[in-house]
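Let me begin by presenting the structure, written as structure tokens, before commenting on it.
By letter and in written order, the chains are A, B and C; residue numbering begins at 1 in each of them.
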Amino acid sequence: MTEPLLRVEGLRVEFNLARGVLRAVDGASFEVRPGEALGIVGESGSGKTMALRALVRLLPPAASVTGGTVEIDGVDVTAASEGQRRELRGRTVSMIFQEPMTALNPVMRVGEQIAETPLVRLGLSRRAARGRALELMSLVGIPDPKRRSRAYPHELSGGLRQRVMIAIALSADPKLILCDEPTTALDVTIQDQILKLLGALQRDLGVSLVFVSHDLAVIAQTCTRVAVMYAGQVVETGTVDAVFHEPRHPYTLGLLRSVPDFDSVRDRLSSIPGAPPDLALPPAGCRFHPRCPFVQDDCVGAPIPLIDLRADGTEPVSDPTGVRHLSERATRCLYHERCAEDARREPVVARA
Amino acid sequence: MAVAAELVAEAQFVEHRRGFRRRWYRTPSFVAGVTILGLIVLAALAAPLITQHNPTDQDLLHTLAGPSRSHWLGTDELGRDVWSRLAYGARTDLRVAFLAVVFPFTIGTVLGLVSGYYGGWIDTTTNWLVNVVVAFPFYILIIALVFALGPGTRSIYIAITLVGWVSYTRIIRGEVLVAKRREYVLAARAAGLSDRRILFRHLLPNVVTQAIVFACSDVVLDILAIVTLGYLGLGVQPPTPDWGRMIADGQTFLTTHWELSTIPGIAIVITALGLSLLADGLADLLRPE
Amino acid sequence: MSLTGYVARRLLHLVPVVLGVTILCFFLIHLVPGDPARTILGNQATDQRVALLRHDWGLDRPLPVQYGKFMDRVAHGDLGTSLFYNVSAGHLVLERLPVTLWLIAFGTFLSIAIAVPSALQAATHRDKPSDHVVRAVPLVGLGFPPFWIGIVLLLVFGLHFGRLFPVGGYGSGFFGHVHSMFLPALTVAFTISPILIRSLRASLLEVFESDYITTARSKGLPERRVLAHHALRNAVISTVSVLGVNIGYLVGGTLVIEAVYALPGLGQLMINAINQRDFPVVQAVTLAFAVMVVLVYLLTDVVHALLDPRVRFD
């Protein structure tokens, strides 16, 4: 079993607001191995973006990490100093953001922005850094790199800007790239291009990805494993195959069912009744219980932990180094069997 | 239909006022500003009561005297009581400054309303006028105007009006440009209300708050202009006491009696501080939530 | 659109403004209550002199004709003749111009030197003590009359502290100028830096919330580089605009500062002309100041366009 590149356990992120403390992330645990692409899916307010940002401590000023551990490439980020974290950023871990128009410096040429990390962090000369930038621009599929490198962000189209962002993220040969809804702000056709690019790069360069999105189709296309988040918690993990074919959490089931399917005819658009909870006062017990079709009495009581779903039901194996590995397949639903049954009975069409 | 539009506009206006009344005492800058300004205005109004001498009485036997029981802040080079001159100077300068704001405020607001609402050649001409006036350094134009018109407070009013309307026009015009696309204006127009009614009953109450906030800091500018004119001998004419004039008179004795020039300056700074705090507080309070 | 295209377009927009400026200057004389010629020359002047002046200035002709004559003279560089010195007013203006330009340039330089570090300090230490101190500066500072700042500085540095700086005059040679002009320029700087500090601090705070700052941090760049290369580069753009808008105030302040420090510049020329009732000179100086300000506006626009690549594309 290979060492995970990224290990997150029990992550907690809190916002200090005037009206109280808001737990944007309350117990997120997941793992990413080298060369692997993990998707984190959830609706707005599920905490997925905050969890991602918390990994490299790029949170908004009012937010702070109040619990859990994050390990990147063997370094305990939670216990590290800001200087050590900064060392990791750009070189080991980099990020791609949702809105490239605002995420790029409007008064700097894009070539300069791509060359910045090699120049400053890798100590390349100006010429070498510029050369590297041009290389990267070709790699991400930007035509006519020499001319385009002198352009300013507002002179480029949305798709090109996102490619620039990807180039920036790759510029110091990171091992892990965190993607915060990189295709949400793009047209569908461009979306597809960027996803294919990310997929190709990931495979060719062997980079790990953590891909946050609310779009199940996008995750299915790009990732091999997925973690589903709801109300600040990870509620289900597993391979994309397993989770999307046999969801073992009612929320996941609901999500899958609510995706409009143009291939089959149904009576009406299915949706999950109710609304996501107020994170300052989450429901007792299972956070999804007010909206769950399978709810039982013991769902409303003590908080539900992540349940390991190994096939043989044994305790998780700890490896010789003493690190406890998070499960390949887990869920936070006590009645996951019932859920899986329901999914088998009325299959959710898998999207290509 | 017309009634509905009126009600909507009314409701928004009342909303503004209610918010103000609820929060004014909790806004520190507003409270501080009102306090400081209040004290100074009070002192100015009560000048005859709190001073022992006439500000213009000269006592050539006791010139440049230090503080004493009879003269709390001493006397100047003509034996006049400094404290009296300070208090009466407040009277003069504050009165002129507050009055001087009214004309630019009114003219500027009306021009801003009209040019913002109608656009077209009215707007183009107004903008041209604004650019022309703004091309002159503020003090230069005021001084040139006062020079041409002859020294004295009447010239000050005219000069400040001719130069000061510009800021109000800009502010109001900007607000109107935004406001005229809002639903309540469109509703009023759809209801067939006359332009004049829309302008003054609906638009004006909603756009004027920014101008009011600016008026407070404008008073500061006016005080500074008046005092500068006084310093240069162009403004308030002696023997009427004026802080600027006091500073100018005192400059000759800078090496020996520096307080003559310093004290009026401190008075100006404190007054301006009170007004600035008031302006900041008002801006906070009147900001739409 | 290229830079020259932009400049050309801005210049074109300035033409009606400059025309308006000349009209206003022209009208100054007509603001004088009563008979301008008599008022200018005073009651002692003979009727003959008054009539001569009236004819000389074309005050007996219809308004448009007067304006035409005025513009004709201005176009030929004739800004009138000083009543006091009997030389060309334009000549006097040009003579005194360098001093005022020095004061403006030096003052602007110092104000930037004061404003940038202060605003940076305040913005990076938000709500801490240094931020509160810096925020108090515009609040209190804008209430200081420029001439009073000058007097206080004069008192403290010129007269008390071992006579560090000369109390008047222009000095000779570059370093002589710097030495003599330091206090006046500092006074100018104190008048305008409160506005700059307030604006730059607000800009910086806004920029700090931007996504591209997060991107820069995600590159693991040292905070200093994030501040200098990303935050400041964007924040100065709006501050340049603010500086430009307030340049009128800065230039106007030089007049009274020249009075305080007895500097032989345009401001002093104007004050003397006022005291001597030398109308043509007052008019000429007013016009000169306006033209200066208009050129500075143009300059700020150009600098703004240079700093912000998004500008030329509207």
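By definition in this document, a contact is a pair of C-beta atoms (placed from the backbone, for glycine too) under 8 Å apart; a residue touches a chain by one contact, two chains touch by 3 or more.
All values reported here derive from a predicted model rather than from experimental measurement.
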Shortest walk length in steps over touching chains, chain A through to chain B = 2
With contacts defined as at the top, give the pair, A-C or B-C, that has more of them.
-> B-C
The distance between the C-alpha centres of chain A and chain C, rounded to whole Å, is 55
Between chain B and chain C, what is the separation of their C-alpha centroids in Å?
-> 22
Chain A residues within the chain C interface of the complex = 56, 58, 86-91, 94-95, 97, 99, 102-108, 116-117, 120-121, 152, 154-155, 165, 168, 172
Taking the complex as given, what residues does chain B use to touch chain C?
-> 128-129, 131-141, 143-145, 147-150, 217, 220, 224, 227-228, 231-234, 244, 247, 251, 254-255, 258, 261-262, 265, 268-273, 275-277, 280
Going by the contact rule at the top, pick out the chain C residues touching chain A in the complex.
-> 210-212, 214-222, 225, 229-230, 233-234, 237, 307-310, 313
Can you list the chain C residues touching chain B in their complex?
-> 16-18, 20-21, 23-24, 28-29, 31-33, 39, 139-140, 142-148, 151-152, 154-155, 159, 248-253, 255-256, 259-260, 270-271, 274-275, 282-283, 285-286, 289-290, 293-294, 297
